[in-house]
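Pasting the structures here.
Shared between the two complexes below is chain A, which has chain B as its partner in the first and chain C in the second.
Moving on, here comes the complex of A and B:
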């Protein structure tokens, strides 16, 4: 990219039930971030808030967050999609030259306040799919999972392995919501089917959470932190809503989004250049599927890669060392949490989840049934 | 008085209102086909792909799909899932018994149609199965007319 933009700080919270309100969570995240950075709200030039009006139960739901987010009489705007899209928006505001700092704050209280499954149920075509009542987030994901397993001849064991690895990583991570100590493949396999081949522990948990991230121009970043994490590239792409017209065994729009991000970042061989990835895989099958689409795994080689631990925290190319969305999926914030988790790794702050080599990271966010819309960010130090 | 200890009052706030979606004539045409036990699709003038159910615009060609065509009632089960739960208004509950949802490529269609598949057990269903449409005895030009698909 022509100019440099850095992540200078982050704050995140996740739990199955955070025992909080939207206002309180917003305040805890944003004021907490200001305190950690030693700044006040006037140091933030522009703010992008991100949550889903439908899930908030209120339209233009940012209207009453100005005192909590520190944006009273300030420059503020809202994004309704996954938080990684808000990062792209904030980043472009800094690149415009009008702003030196930009905060992104996203939240989803889909553990305690509203069912997470409504998000996709009410995305469905109201004149067809919602009338026919066969499609929902879980049945759609199951069709995608079956399509992926069938395409490469993988068994359901791959899903158990991916889920066990993620839940194992999540158990080590204090920022995760679902933490099951001693989780095993057998335990995953012992959980009940929702829609075959997907079992309960292959799927994201209903959870509460949120994340705030401060971005800054190069000049400002050096004032605010001695550990800047640079945004090297970013891209987005969307494909058709209609599942019956998509190649469900892959994610073409993720590949497109990644190409845009890699081109900006100068990544020509992601498997070699990327050290680790944080991917918004809401279901076990989506992690290898999206990793393939991002060019991080060879197509058809996922079963072997997971079996030998290539994607584990201490593997050759760790994927979701944080535990990923199988540990927490606060809808709207999930992609932003991935970004914060990647920054945490790149700053060497990831504790028991720390990967050995953290040079360049790929971050992915998604929206819509079966990842219809995808955003990709490349980070470096 | 001291400092207020924060607790959270949690009222239940239902929302219930009606939208009158104005959607053009294609779904209406599709349901009109059901009234005659026909399955209709729309054909793109650009790429010639046939979408079932019919819809008005082709994403690839960015063109209006103006030709309505009748599709075969037989096809191939391309993909499926066996449901063990029911999910409605965000609430998950166990299904009475496992049921099959299939993505079916009707002969002559370019897209896959999602439908219930019956007449084969969930343990034995396989992709590649040839299936045919089963209609309700009394069709009314409504979504439920095309009841399910079963093996040919």
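Moving on, here comes the complex of A and C:
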């Protein structure tokens, strides 16, 4: 990238039920971020909001969040996707030279919804896929899980291991919503099947949450923080809507997005250069699947890697040391939370979740059934 | 900042009430194919795609996922922008920033609406319903003035407050709204991509249409349309290689005020015809474009007017004339295609409203005028610089784009 853009501050909140409104959550996140940075709203040149209007139950929902986000007689736009894409857009606005600072604010209040899976159900073709009712977020994910396990001959035990590791990390993390102390593989295995082979504890929990991040140009970043986290690269890609036309055991669009991000960041050997990753894996199987697509795990080696603790907080290449989306999935904000969690690590603020070496991080966000669309950001210090 | 130009435009063959022959992605693909046919470009030339439509209107969430296979986007970055009525121009702005960031060279912006597959007024009522519920639960009287706008139904209820305030402050009369609607429906008759066309439209004819909510008559209101619009943008370097003629982006700007001060509920306190965001965004755009005297320097204007009075009102707000002057320019014939300050030669939103495309079409129509490719609705004067305007949200969110026939200097 021609210029450097930094993350100068972040604020996040997650809970199974935040008992709040979208407006209040937006205000709390914005005010919290401003207070921590010692700035007021006039220090923010442009704002990118991100939430899902279907989930919010109203159209043009961004305009009702403008005042709470400090946008009054100022510039704001909205990305309606996973929050990591809003970071991409905010970054572009700074890279263009038009703006020096940009706030990204994403939220998803899912805990109080009738079903946390409806928002994906309503992305489906309304005349066939949605009517036949065979396809939904869970059934699609289960197909993907089966395809992945079968491809490499893994047993369902891999899912239990991945979930137990994530939920164990989440239990240590005050920013997570689902925190089960003393979580074990047996406990995961004992949870009920939602859609075989996916069990309750293999799946993200319905939860509420949001995240606000302030980005700044290099010049401004130095004024605002002494702990900038730099955006080294970013990429995004989409693949076909039709599940039958995809290789479900991998994620082609994640690999494409990662290549773009790695090229910008000068990453040629991700396994060696990347210190840890925060991946939006909404279901247990997606973590190794996406880690492979990101070039962080060798294909077919996931079972062994998880068994020896390679991806644990103290492992060779920690994946989701925060606990990942199995701890909280505030739809639309999840990728932005991953970014904030990575920044937290890179600033050495991750407490019990702190990884040993935090040099370069890969952050991932997804949209659509079986991660049809994926965004990747590379961070460094 | 890098220069960005519009190198291609694509429309669906028609903008009509109901496309029964295609579904949503099929309809969008027609505009994509048209943009490729117009430019000779192919999917391989496109680095990234920006996508936008009105959130939730057709009951499909994140429709770019379903449409991905139909918009030449597989394997590319696709960004979905959603800001309501202004989505089309907000998406265009996102395309602009994709290129000015230095990350991409050729970006396709895809916008659409297929309003026949939903109920727009129900969708628009959805904006205000939570506010109304909040008022009811707080014990606020919704039967008096404060609730009237909300209960007035969809967008026309709130807009009537704005229109009556505009008439009061400008000295214009309802006959000027009639005349503006007639002018634009006549223009629409010359635009193959317009929806409501009437070559014989007159103020008198419009005045005979039923009153919906004073001073807004049926004839002042936009239709609900099905259609899609695509714009292909390129960096100066890429444009030199793959485009013959380019409409250059000189500035983009947008501004939002408080939904609860601009809206119907609080309309006693804040005037929905004040439109500070339009004033702020246009000034910012002029500054970015190096325009000192818009009245002299801007040759052509496309105003987003879902309701006919807005063409007049926003001409004043964006500084193309003084307050109270727009209707006088109209009387003098200056707003016509043959006039000194032509506005909405396309027929405007009042003639065609496939919402996701509506703010985008303001930009593409300005580009066609600059390129001299507007065909029968090409204005008589030469167009060197043009201004496109969009409004959305709860009448408090405004986008502006300024185009020119030469790349921006400096």
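Operating definition for what follows: the second predicted complex is superposed on the first by the 379 of 381 C-alpha atoms of A that agree within 3 Å, B and C clash if a C-alpha of one lies under 4 Å from a C-alpha of the other, contacts with A are read in each partner's own complex, and residues count from 1 in each chain.
Here, a contact is a pair of C-beta atoms (placed from the backbone, for glycine too) under 8 Å apart; a residue touches a chain by one contact, two chains touch by 3 or more.
Note that the structure is a prediction, hence the values are computed from the model and not measured.
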Next item on the list: Quick one: classify A:127 as touching chain B (first), chain C (second), both or neither.
Entry: both
Next item on the list: For A:278, select first, second, both or neither according to whether it touches chain B, chain C, the two together, or no partner.
Entry: neither
Next item on the list: Quick one: classify A:142 as touching chain B (first), chain C (second), both or neither.
Entry: first
Margin query: Is A:57 touching anything from chain B or chain C once the two structures are fitted on A? First, second, both or neither.
Written below: both
Margin query: So in the superposed three-chain picture, is A:156 touching just chain B, just chain C, both, or none of them (first/second/both/neither)?
Written below: neither
Check: First (chain B), second (chain C), both or neither: which does A:240 touch?
Finding: both
Margin query: A:19 in the overlay: touching chain B, chain C, both, or neither? Say first, second, both or neither.
Written below: first
Item checked: First (chain B), second (chain C), both or neither touched by A:292 -> neither
Notebook entry, point to check: Counting residues of chain A in contact, which comes out ahead: chain B or chain C?
Noted result: C
Notebook entry, point to check: Of the two partner chains, chain B (first) and chain C (second), which one does A:208 touch, if any: first, second, both, or neither?
Noted result: neither
Next item on the list: Return the residues of chain A at which the contacts from chain B and from chain C coincide.
Entry: 57, 126-127, 240, 242
Item checked: chain A residues within the chain B interface of the complex -> 19-21, 24, 57, 114-118, 121, 126-129, 131-139, 142-143, 146-147, 150, 192-198, 240, 242-245, 248
Notebook entry, point to check: What residues on chain B touch chain A, complex-wise?
Noted result: 6, 8, 13, 15, 19, 21, 23, 27, 51-53, 55, 59, 79-85, 87-92, 101, 103, 110-116, 122, 127, 143
Next item on the list: Flag every residue of chain A that touches chain C in the complex, lowest number first.
Entry: 1-2, 52-54, 57-64, 66-67, 71-81, 85, 88-89, 91-93, 95-98, 119-120, 122-127, 235-242, 252-253, 256-257, 260, 367-369, 372-373
Checklist line | chain A-facing residues of chain C, complex | finding: 1-2, 23, 54-69, 73-85, 90, 93-94, 97-98, 100-103, 123-124, 126-127, 129-130, 253-260, 276-277, 280, 288, 392-394, 396-397
